[in-house]
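The next part holds the structures, each set out as structure tokens.
Heads up, the next two complexes both have chain A, just with different partners, chain B and then chain C.
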Partner chain A sequence: MRDWLLLLLLALACSLLPLAGDNYVLRLGTIVAMYAVLAQSWNFIGGLAGYPSFATAAFFGLGAYTSAVLLSYGAPTGLAWTAAGGMACLFAALIGGAILHLKGHYFAIASLAVGEVLREVVNTTPDLTGGGMGMNLPVPKLSVAAAAQTFYFSMLALAALTTAAAIIVQRSRLGFGLRCIQQNEDAANILGVNAYGYKTAAFCLSAVFAGMAGAIYASWVHYIEPPDVFDILLAVKPLVMVLLGGIGTVFGPIIGAFLLIAFEELVWRSFLTIHAAMLGGIIVVLVLFMPNGLLALVRSGLARLRPAGPKP
Partner chain B sequence: MQAVRTVFAAALALGLFASTSAVRAQDVIKVGAPLPLTGALSPEGLKQQRGYNLWAETANAAGGIKVGGKPYKVEIVYVDYASNTPRAVQVAERLITEDKANFLFAPFGSGAAKAASGVSERYGIPTIAATASSREVYDQGYKFLFGTFTPNETLIDPLTEIVSKGDPAVKRVAILARNDLLTLSLANLMQAAAKAKGLEVVMMERYAIGTMDHASAITQMRGAKPDWVFATGYINDLILIRKQMADQGVSPKVLTMIAGPAYKEFTEATGPLAENVSSASWWHPAVRYKGVDLFGTTEAFNAAFEKKYNVVPDYAEASAAAAGAILQLAIEKAGTLDPAKVRDALAAMDLVTFYGPVKFGPTGQITSLEPPVFQIQGGKPVVVFPAAVKQADFIFGK
Partner chain C sequence: MDAPKLSVTQLQAGYGDVQVLWDVTLDVKPGEMVCIVGSNGAGKTTLMRAISALVPVSAGRIAVDGADLTGATPARMVAAGVAHVPEGRRLFGAMSVRDNLLMGAYLRPDKAGIAEDLEKVYALFPRLAERQKQDAGTLSGGEQQMCAVGRGLMARPSLLMIDELSLGLAPRMVDLLADGLRRVNAEGVAVLLVEQDVMNALELADRAFVLDRGRVTLSGPAAALADDPAIREAYMGGLAG
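== the complex of A and B ==
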């Protein structure tokens, strides 16, 4: 109940942003929401099941291109976005069958390759996707402010939806099973957890929302090319965000997304050329000093404040 | 924990300090310039920055830009987008909404310029693209985007003409292209132009952005026995391709590379291997024009550039400086900073600058330039086309 209330409050607070900021603030908000979706998505497979996936970029790009191709054939936007999620989910189910029996580093490398393969597929099908020349999407006939708000609210709604899915999964049999898999997959199997089915479900969950985020992104910037939407950073940043916020938690990924984007913006604004090094340094410090994420730090801080009280 | 807090505090303090130090001065024209100052495209980004800086300093030294009789100083707001196109789009919006840029220079290259042009179009901010040539950038029906590079085929057509006329024995063409907007577009045009001239395209391969080894493509190239190798890419790609071709002993009669050899760095990095490499670019320091802009003649521009940077300007640097000069002429003509009026002045422009004659077509892309073809001879690029500025004849390899 507490989680649902928090989600509702958070979504309400975020939907007030258009009153407070200009279009650039809305753009940043949209980016935070997009990364919250990606971080939340990664958390299903990486945080709960403990499978370090780098396939987020693959799902994102696949969604972006699915939607872009459908839109170029005149499909309505809503359908294209939904189909992008479906396509990513289907793809995850298929590819999951091939790579989810790998563990640890082997799985990480295999999932990394998925994105590269898709990128090459897009590159080599110029008739459908424009190849390296990229794809233009129809520009929505909206004013600047209306477009900024539309995409902000779309991305925000998706982030809320992803978080709702996270809350449901965390409390369900699936979430429990995934945690068992993370702790000891063999033991989980013996205890009757269908490890293979659960992992595939988690992988699909980590794909469907990422694919839709890619679709919304494509409509938002209305020009995509393979290096942009299959960018490896789209796979790495969500992972850092989850680590930053708190792995395996419901709100950790959102907090992480907000913090990392805020840091990035601050550092990037202040240093013309060495921002990447600064950001790297900050990430190293964060991971060194807060290995369990910010939420864990806050929780342990709270626990220290009231040592006598009963544990919640 | 203390350490973390200190780092946070330091980062925050630095951020606040940097953002407040840029207090807005009076009577300033702000031009936003998103550039890839870091990442894979940083060599190109830094070149563009040199061109912009030279323009801004020259304009300010001459008392600024006169707008309706009142002088305005030029301030260029640089933001690095780390060679990442989505970030370039984000930068464009930030420059317009947060930094209140009056005008924009587009990010580097065709792809990023195209992506970012959507933002400046929506806000109605005149934007000059100094390094975007592909037609696909300008065919979006936008009104506020202007480009100083002619379409790509203006580079290819004179080249195929020279080669096919110069040596009828050149029959087999191998094309190796970077899978990127400009470079792929050039390769496709080359393929079409070669076929139109009755040449046989024996290889047409794309390589991925960031490829660090071209060995397999070049092995295939050697097998195809080409008379003419046509490779596209940016400077780092082409240096690598040239060296690996030498490693594998591929030495065609004609070797054309776009868009690296125009840069001095290419000749420096490849040494004797650069010899006889042909290329084409939108501008060359050997051209001679008498302009009405702040630089005046091409010679004067070359001299000013060499004085400041100790190197001869290349086409990207000249185009960036020209973008500034053109913007200045348009602002002075309009007599106001009103973006719509400056846009109209740009659209109606028809004059000569140090860079060449400037007239934009209906799409906003320049139509008046005649891009030179050149070849590295004796370690230096010499112009072989057009006839008006020709310095030497085209040399064919054995």
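== the complex of A and C ==
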């Protein structure tokens, strides 16, 4: 109940943003919402099931291209965005069958390869996707301000939807089973948890919303090309955001997305030449000093502030 | 005569090209306590994992209550009443003792029965009740084994398979666990026990099978095997012969 209330308040607060800011702020808000979707998506497979996936970029790019191709054939926008999610989900189910038996680093490498393969596939099918030339998308007949608001609210709604899914999954049998798989897959199997089915479900959940985010992104920027939508940073940043906010939690990914983008805007842009090193620095600090993320840090701080209760 | 609780017939299993089990045949009758003894690498753990469908079976047959379950899924074996307490305990370290126990009942829909069985496990091992809110990873080795056995019992099995009950535990803990196991068995749950402490195992069990390099080399009433000079020679260092 508390989670739902928090989600509602957060969504309401965020939908007030257009009143406060100009198009620059809206653009930033759209990016934060987009990364919140990606971080939340990664949390299903990486946070709950404990499988360090780098396939987020693959799902994002696949969604972007699926939607772009459909739109170029005249499909309505809503249908194209939904189909992008469906396509990413289907793809995750297929590819999951091939790589989800791998564990740890092996799974990470295999999932990293998925996006690279898709990028090459797009490069070699210029008739359908424009190949390396990229693809132009229809520009909506809206004023600049109206378009900025439309895409902000679309991305925000998707972030809310993804978070709602996260709340439902975390309390479900699936979430419980995934946490068991993360801690000890062998034991989960022994107790009758269908580990393979659950992992595939988590992988699909990590794909469907990322695919839709890619679709909305493509419509938003009007032009996509393989290096842009299959960018490895689209897989790395969500992971860092989840670690930053709190792995395996409902709101950690959102907090992480907000903080990392804020950090990017405030600090990175002053260090353009070494911004990759800055990201590396953040990862090192995260791993060394707060492996459970900010939420855990805040919680343990609160626990320390409270008067000591009776010993259990 | 009743169908055996578990019957394994000419089982062959292994990992990839490495075959571990060769024509293993054994059975456990309802309510019986049976132990499997053998040296390291004899295939005891593989046999248990094959019965639980965690290791693929290449030939042979596994039946529970007369129904053929060869090639079933692990979940199917649990549903058929076979619970497995794995070697090394395999608890969910970051979850509370209570949640670990409840995970044992993962496939059961009957909430009332689950609550009842939780109380039974706490009555069997009061130490678990004291520590129910603690993370399982913070328990001592013996307490972890209690938790693992309790988790197995939460599936309300008719056959409990335990892989290494006493390995690495303090003698007092072994006594507590053995005592608990006897009580579980007295309530009609059949037990298949793998145990490195041969003396302890033969004392607990009704019947025993000796596994050597993937083959059953001897079997019979536990008391008779305990007196067998060959067994005493091989596993008890020929002491007190």
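One rule holds for everything that comes next: the second predicted complex is superposed on the first by the 292 of 312 C-alpha atoms of A that agree within 3 Å, B and C clash if a C-alpha of one lies under 4 Å from a C-alpha of the other, contacts with A are read in each partner's own complex, and residues count from 1 in each chain.
Note that in this section contacts are C-beta pairs under 8 Å (C-beta built on N, C-alpha and C of every residue); 3 or more make two chains touch, one makes a residue touch a chain.
All values reported here derive from a predicted model rather than from experimental measurement.
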Message: Contacts for A:A147 in the overlay, against chain B (first) and chain C (second): which applies, first, second, both or neither?
response: first
Message: According to the stated criteria, A:D228 is in contact with first (chain B), second (chain C), both, or neither; which is it?
response: first
- request: Check whether A:Q183 is in contact with chain B, with chain C, with both or with neither, and answer first, second, both or neither.
  value: second
- request: Figure out whether A:P291 sits in contact with chain B (first) or chain C (second), or with both, or with neither.
  value: neither
Task: May I ask you to decide whether A:S270 touches chain B, chain C, both, or neither, giving the answer as first, second, both or neither?
output: first
- prompt: Does chain B (first) or chain C (second) touch A:G97, or do both, or does neither?
  reply: neither
Message: Just to be sure I read the superposition right, which of the two partners does A:G192 touch: chain B = first, chain C = second, or both, or neither?
response: second
Message: Show me the residue ranges of chain A that touch chain C in the complex, using the header's touch definition.
response: 176-177, 179-180, 183-184, 186-194, 312
Interfacial residue positions of chain A with respect to chain B in the complex: 22-24, 27, 31, 119-120, 123-124, 131-134, 136, 139, 144, 147, 221-223, 225-228, 231, 233, 263, 266-273, 275-276, 278, 282, 285-286, 289-290
Message: Residue numbers of chain B touching chain A in their complex, please.
response: 1, 3-4, 7, 11-12, 14-15, 17-19, 37-38, 78-80, 82, 84-86, 89-90, 93-94, 97-98, 111, 114-115, 118, 122-123, 134, 136, 140, 178-181, 183-185, 206, 208-209
Task: Can you check the complex and tell me which residues of chain C touch chain A?
output: 52, 54, 73-75, 77-79, 84, 86, 90-95, 103-104, 106-107, 133-134, 151, 155
